[in-house]
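Structures incoming, each one as C-alpha cells.
Here chain A shows up in two complexes: once beside chain B, once beside chain C.
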Partner chain A sequence: MSSSIEVNEMVEEAGVHDRPERKKKLGLLFWICVGWITLNFLAAILANVLPLQSPIFQDYSAVNVGPSLHHLLGTDDLGRDIFSRVVYGSRVSIEVSLGAMLIGFGAGAPLGMLAAYRRGKFDAILSSVMYVFLAFPAIIATIAVLSFWTPRSLFKIIVVIGIASIPLVYRVIRSAAMTVATKDYVVAAKVQGATDRRILMKELLPNVAPIGVSFLLVGIATVVTLEGALAFLGLSVNAPTPSWGNMINESLSRLQLNPWLAVFPSLAMCLFLLCLNFIGDRLRAHFDVSEGKL
Partner chain B sequence: MLIVIVFIITVGAFYLIHLLPGDPAVVILGTGDSPSNRQKLFKELGLNKPILEQYIVWIKNVLHGNLGTSFISQTSVWSTIKTALPIDVEIIVLSQILAFAVAIPTAMRSARKPDGWLDRILSAGSFTLLSIPSFVMIVLLVLVVAIKLGVPHTGPSSYISLSSDWIGNLESLALPSFTLAVGSYVVYYRVLRSDLIATLQEEFITMARSKGISQRRIMWRHAFRPSTVALLGTAGVNIGGLLAGGFIVQYLLSIPGLGYTLISSIGLSDYLVVQGIVLVVSVGVILINFAFDIVINIVDPRISRE
Partner chain C sequence: MSIEQKLLVVKDLATTFHTPSGPLPAVGGVSFDLNQNETLGIVGESGSGKTVLSRTVMGLQPRANVDVSGSVLLNGFEVVGASEKEKRSIWGLEVAMIFQDPMTSLNPVMRIGKQIDEILRVRLGMDRQAAKARAIELLDLVGISSPEQRYSVFPGELSGGMRQRVVIATALAGSPKLLMADEPTTGLDVTIQAQILNLLEELKERLQMSVVLVTHDLGVVATRTSRIIVMYAGRIVEMGSTRDVFANHRMPYTRALLEGSPKVSNPSHTRLLAIPGRPPNLLNLPKGCSFAPRCSFATDRCREERPELEAASAPGHAFACWNPLPVKDRVPA
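Take a look at the complex of A and B:
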C-alpha cells in the first residue's frame, strides 16, 4: 500500500478487483478429479483389451439381476452387463466431446486470437457474425439439423456440435487475447519489429493458453451434456451401441422394474461432469482468470 | 441487428427441409403421398421453382401466419404450436419464480461473508447441482417422487390441463418446473453472488455502512440493484435456453408442450411441424434476449450511455 496510485493502475490493468494476485493451491480434491478423468479415458480407450463382457452380449440366464460379483452393476432386461455398457458408453461421450472441441477450437481459437490482435474491420465483421450465431441456443440448432440430416452417424453429430461450438470458443479466446494484446510486452515486441506470426505464436498463444485449457474442460463437459441430451431424445448414435444418454433413454420404460438401469449411467455421467467442472474451476482460480471473461 | 438475426433464422429454418435426403415432397408427405396432395404441396412450397423463389413463397406464407399444414395430422402447424406454447410458458414461469425466490436470498447470504461456512456449503452445493444434467435430474426425480413416493399426477403421461383442474395441473408440472428451476438457480446464484461481492467493496457501500445503515437495508437498497446487470443478462440467455431445455423435461413425462411435440414430430417424420417449431422457438429466444437487453438498460442507465 505504499503508493496507492500505482496499485490502482496495476489493478486496472490486470482487470482484477482489489485482491493482490495470489495463486490458489490446487488441493487434493483436484488431483482426485484428475485421476478419475484419467481413469475414465483409459477405460474408454482400453475397453476392448480389458476383461469386460461384450456390451451387446445378451445373457438370457441373467436378465435384470441386481449388482453382484459376476455382474458388477447388474444386467439390463436383455441380460447385457451394465458395467461393461457404462464403460463402452463413455466412448461415445468422449469421442463426441473431443471431436467437437477439435472443430470448435480448431476454428474458433485462431479466429479469436486473430480478431483480438488485428482489431479493426476484420474483428468487427467477424464478431458480429459470431454474435448472430451465439444468439440462439446450440441445442435447438443441433436438434433441428440432426432431425433433418438423416441417417444419423457419430461423424454428423461431431460435426454439428463442433460447428455450433465455434462462436462460443471464439468469444472466450477473443476476450482473453484482447487483454493480452494490450499488454506492454506485446507492444514491446511490435516495436522491436517482430512479425505478426511471431507475436501471435510466442506472445499471445502462451498467455491465452491457460484460459483456453480451462474453457476446454468446461466445453467438454458441455458437449458431454449435450450429446447426452440428444441421446436421451433418441437423436444420437443408434442402438445397440451404448452411450450414457441412450442407456438412460432405454431405462425409461423400465424405471419401475429396474431403477438401476437409470441410476448407473446417470451416476457415471454426473461424476465425470463434476470432475471436469471442478478441474476447470480450480485451474481458472489457479491462473487467476476472472469468471466474467468466460 | 435484430432484423438481421431473424432473417438468418428464417433462412436456416427454410433450408432445413433441403437437408433431407431425396425428394422433399416425398419425405414431407410421408404416407400421405398422393397426386393431389403432391400438387397441393408443390403449390404451397413452390417446389418446382428455383430455391430463391421458393424462399420468397415460403417467407410470404410465414409472415401471414401460415406455417403449412401437416400432412400427417391434417392440422395447421400454427394451431399445433398455439395449443402447445402456453404449457412451455407456464413451466418456464413457475421455474423462474422458484429459481429467483431461492437464488436471491442465498446469494445475499453468501456475499455477506464470502468464504464463510454458509457460503462454502452453498457454493459446493451449487457446484454439484451444476454437474447434474436436466435429463438426469428429471429421471431421478420421477424415480423417487412419482414411483417410490407415489405422489399423484407426477409420473409419465399424467398431464392435466390448466382449464380442467388447476391443482392437478400444478402437480403434473411440478417435477419439470422444479428441474428447470434447479438448473436456473445454480446459474443465478453464482452470477449474483460474485457481483454482490464486487459491489459490496465499492465506496458507496462503505459510505452507507459508516452512516450506520442496517445490513439488510444496505443489501436490498444499495447493493442489489447495481449487482443485477449480469444477472439479468444471464437470465435472458437462460430463459431462452429453457425453451430448448423444456424439450427434455417434457419428453420424459409426455407433457404436450412444444418440446414434446417437436420430438414426437421428429419420430413421425412430420417435418413441417418440426420446421415450424424450430422457427417459432428460435425467434422467441431472440425476442426474449432482446427484451432483457431493454430491461438491463432501464436497471442500469450507465450501459446505454457508454
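Take a look at the complex of A and C:
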C-alpha cells in the first residue's frame, strides 16, 4: 500500500493529472440494459436447448388462454405457446440485425475510413455514389426488392437490409474518420514513415471505433425495427416461423379476442430497442472525451 | 563550404495552392541552406508561409491542388517531386518533425511507449524487447522521470509539457539528422516553453543534428539559433546570422517585428508597437514589395517593383528592400 502512495506522489509531482473523470461510472441502468440484451442473445442462441415448448406446436386444448403457469405468456388462437414464440422470434430479429450490420459495416466502415484518409477523387466519386443511394428511401427500396425477390428467405432479407445500410455506415464512419485524419498525430505518424495501411489500422481505426460501436448498436436497433416493419407487411420470414414482427401482424385480427397476442412481442421488441439505444447512448457519452482531456 | 557538407539545400522553392478563387502562392522563391549541427530560425507573422515552408521542405503536402517547384536537397535526397513511397524512406530516419500542439500530436488511444517504439520496430527492425528498452531510454533522454512507468501511460494522463517531451522522443526515435520544429512551444506556458527549448538545444548538441525552429516569437530564436530567416507573405525578406538580423537588420519589417516583441529592458507599461495594417491577401499580392502597404518608408518604387534579396556587408546577410535601414551597429536586442 505504501509503495502505491509513493508512486502516486511521484506521479503527481511530475505533472500527471489525476483523472477522476475518466473513471466515471456507467450506472446501474446501463448494466441492467446490458444484462437484458445478453439475456436476449443467450435465449436466442440456446432456444433449442432451453426447456421451451415448440413454437409451432399447436395445443388445441388451450387456445387463446391468458398467461398461466403452464403457458407463461399464454397461447395464441392455434394454441401455440407465446413465450416460446417470443424467444424463437428474437432469433429472426437478432440474426437479421447482426447479419445486416456485418454487411453494412464490413463494406461501409473500411470504405468510409479510406475515403476520409485519401480524400481527393476517390472520396468524391465514392461519396457521390453513396449519397445517391442515401437519397433513395431505404425502407421503400427494401420493400420493393423483397416483394419481387421470391421465395423469401432469411438470407435474402439480410442481404437486402445489409446493402441498404452500407451508405449510412459509410457516411457516419467517414465523417468520424475525417476529424481523426486531420489530427496532428496522423501527420506525425506519416512523417515517422508509417505506411498508409498502418495509419489506417493503428491511428484511424482505434480512434473511430468508439463512434463505430455506438452507431452499431443504434444500427442493430434500427434493423430490428425495419425487420419488424417488413414482417408486419408480410415481407419477412414465412409462417409458421415466428418473428416479433409477424407475431404482431398476426395478432391484429384477433386483438379484441386476445390482446396478449400483441402485447408480448411488442413488449419484447420495445425493451430490446430501448436497452440497445440506452447502451449506445451511454457508451457514446462515456467515450466522447473532449479535446481538453485528450 | 561545398554542397556536400550542407545538410539541406533549398533552391527557388515555391508552393502554390490552387483554390477556387485562384492560385495562392503560399511560398515563393525561397532559397536557403543549412549546415550540419546548425539551428536555423524561421520567423514571421501568422500566415507568412513559415509552416507551409517547413512542411514543403519535409515533403508534406495535401494530395491534391498544390504545385511545388524548385528543389529541396535533403542530405542528397531530392524531396520535390519524390513519391510518397520514396519520401517514406527519409521520413523519421533523416528528418523528423515536432508539432505545435502536443495535445493533438499524440494518438490518444495508444500508450506513449508504443508510439515511440512503433518506429523502432517497423523502421529499424528492432525486436519487441530491444525497442522497449530503447523507448525507455528515449523517454529518459527527453527528461521524463521514471520512464519505465511512463512507458505504459496514455497521453491523456500527461500534462502539455510532458506530452511535448514525448513528441520529441518519438521524433528522435529514428535518429534523424534534421529536426523540424514547427512552433514547438506555442501551445505551452512560458516556463515550460523555456524547458522545452533548452531540451531541444541540448539534444541538438548531444545527438549532432540540425534543427529548424519555426516560430513567430523572436525571443525563442534570439539565443538559440545561429541564423535566422525572416519571412513575409511567403517570401524571405531578410536572412542572416542571428546577430546580424537582430543588430543590423536592414528590412523595415524585421525592425517592426523586433519592436513588436516585449523586452525586459523596457520600462513597465511600455506599449508594444503593433505593425499597422494586416498581412497581405496572398490571392491578391501587391505588385511591388508585399510589405509596402504597411511600411512607413515605402516609396513609389516599392509599390511598383518587387525587391529581390541582395547581399549586405556581413557574409550570409541578405535583405529584400529598396530603402533599407541604414547600417549601424546597434546593441543586440
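Everything that follows uses one rule, which is that the second predicted complex is superposed on the first by the 263 of 294 C-alpha atoms of A that agree within 3 Å, B and C clash if a C-alpha of one lies under 4 Å from a C-alpha of the other, contacts with A are read in each partner's own complex, and residues count from 1 in each chain.
The rule is simple: a residue touches a chain if its C-beta (ideal position, glycine included) is under 8 Å from a C-beta of that chain, and two chains touch if they have at least 3 such contacts.
Computed from a predicted structure; not experimentally measured.
Colleague: Which holds for A:Asp184: it touches chain B only (first), chain C only (second), both, or neither?
Modeller: It touches chain C, and chain B stays clear.
Colleague: Is it chain B or chain C that touches the larger share of residues in chain A?
Modeller: Touching more of chain A: B.
Colleague: Using the touch definition from the top, say if A:Ile139 reaches chain B (first), chain C (second), both or neither.
Modeller: Once the two structures are laid over each other on A, A:Ile139 reaches chain B alone.
Colleague: Answer with first, second, both or neither: which of chain B and chain C does A:Ala194 touch in the superposed model?
Modeller: It touches chain C, and chain B stays clear.
Colleague: After the superposition on A, what does A:Ala285 contact: first (chain B), second (chain C), both or neither?
Modeller: neither
Colleague: Applying the touch criterion given at the start, work out whether A:Val213 contacts chain B, chain C, both or neither, answering first, second, both or neither.
Modeller: neither
Colleague: Between chain B (first) and chain C (second), which, if any, makes contact with A:Leu233: first, second, both or neither?
Modeller: In the superposition, A:Leu233 touches chain B alone.
Colleague: Between chain B (first) and chain C (second), which does A:Cys270 come into contact with in this model arrangement: first, second, both, or neither?
Modeller: First partner only.
Colleague: Considering only touches as defined above, state whether A:Leu78 meets chain B (first), chain C (second), both or neither.
Modeller: A:Leu78 sits against neither chain B nor chain C.
Colleague: Do chain B and chain C touch any of the same residues on chain A, and if so, which?
Modeller: Shared contact residues on chain A: 17, 291-292.
Colleague: Note which residues of chain A are touching chain C in the complex, please.
Modeller: Contacts found on chain A: 7, 10-11, 14-17, 19, 22, 118-121, 183-185, 187-195, 198, 202-203, 206-207, 289, 291-294.
Colleague: Can you name the residues of chain C that touch chain A in the complex?
Modeller: 58, 60, 62-64, 88-89, 91-93, 95-97, 99-101, 103-110, 118-119, 122-123, 144-146, 149, 153, 155-159, 161-162, 167, 170-171, 173-174
Colleague: List the residues on chain B that touch chain A in their complex, please.
Modeller: It comes out as residues 1, 4-5, 8-9, 12-13, 16-17, 19-21, 127-128, 130-136, 139-140, 142-143, 147, 156, 190, 194, 198, 201, 230, 240-241, 243-245, 247-248, 251-252, 262-263, 266-267, 271, 274, 278, 281-282, 285-286, 289.
Colleague: Which chain A residues qualify as touching chain B in the complex?
Modeller: Where chain A meets chain B, its residues are 17-18, 128, 132, 135-137, 139-141, 143-145, 147-150, 221, 225, 228-229, 232-235, 245, 248, 251-252, 255-256, 259, 262-263, 266, 269-270, 273-274, 277-278, 281, 291-292.
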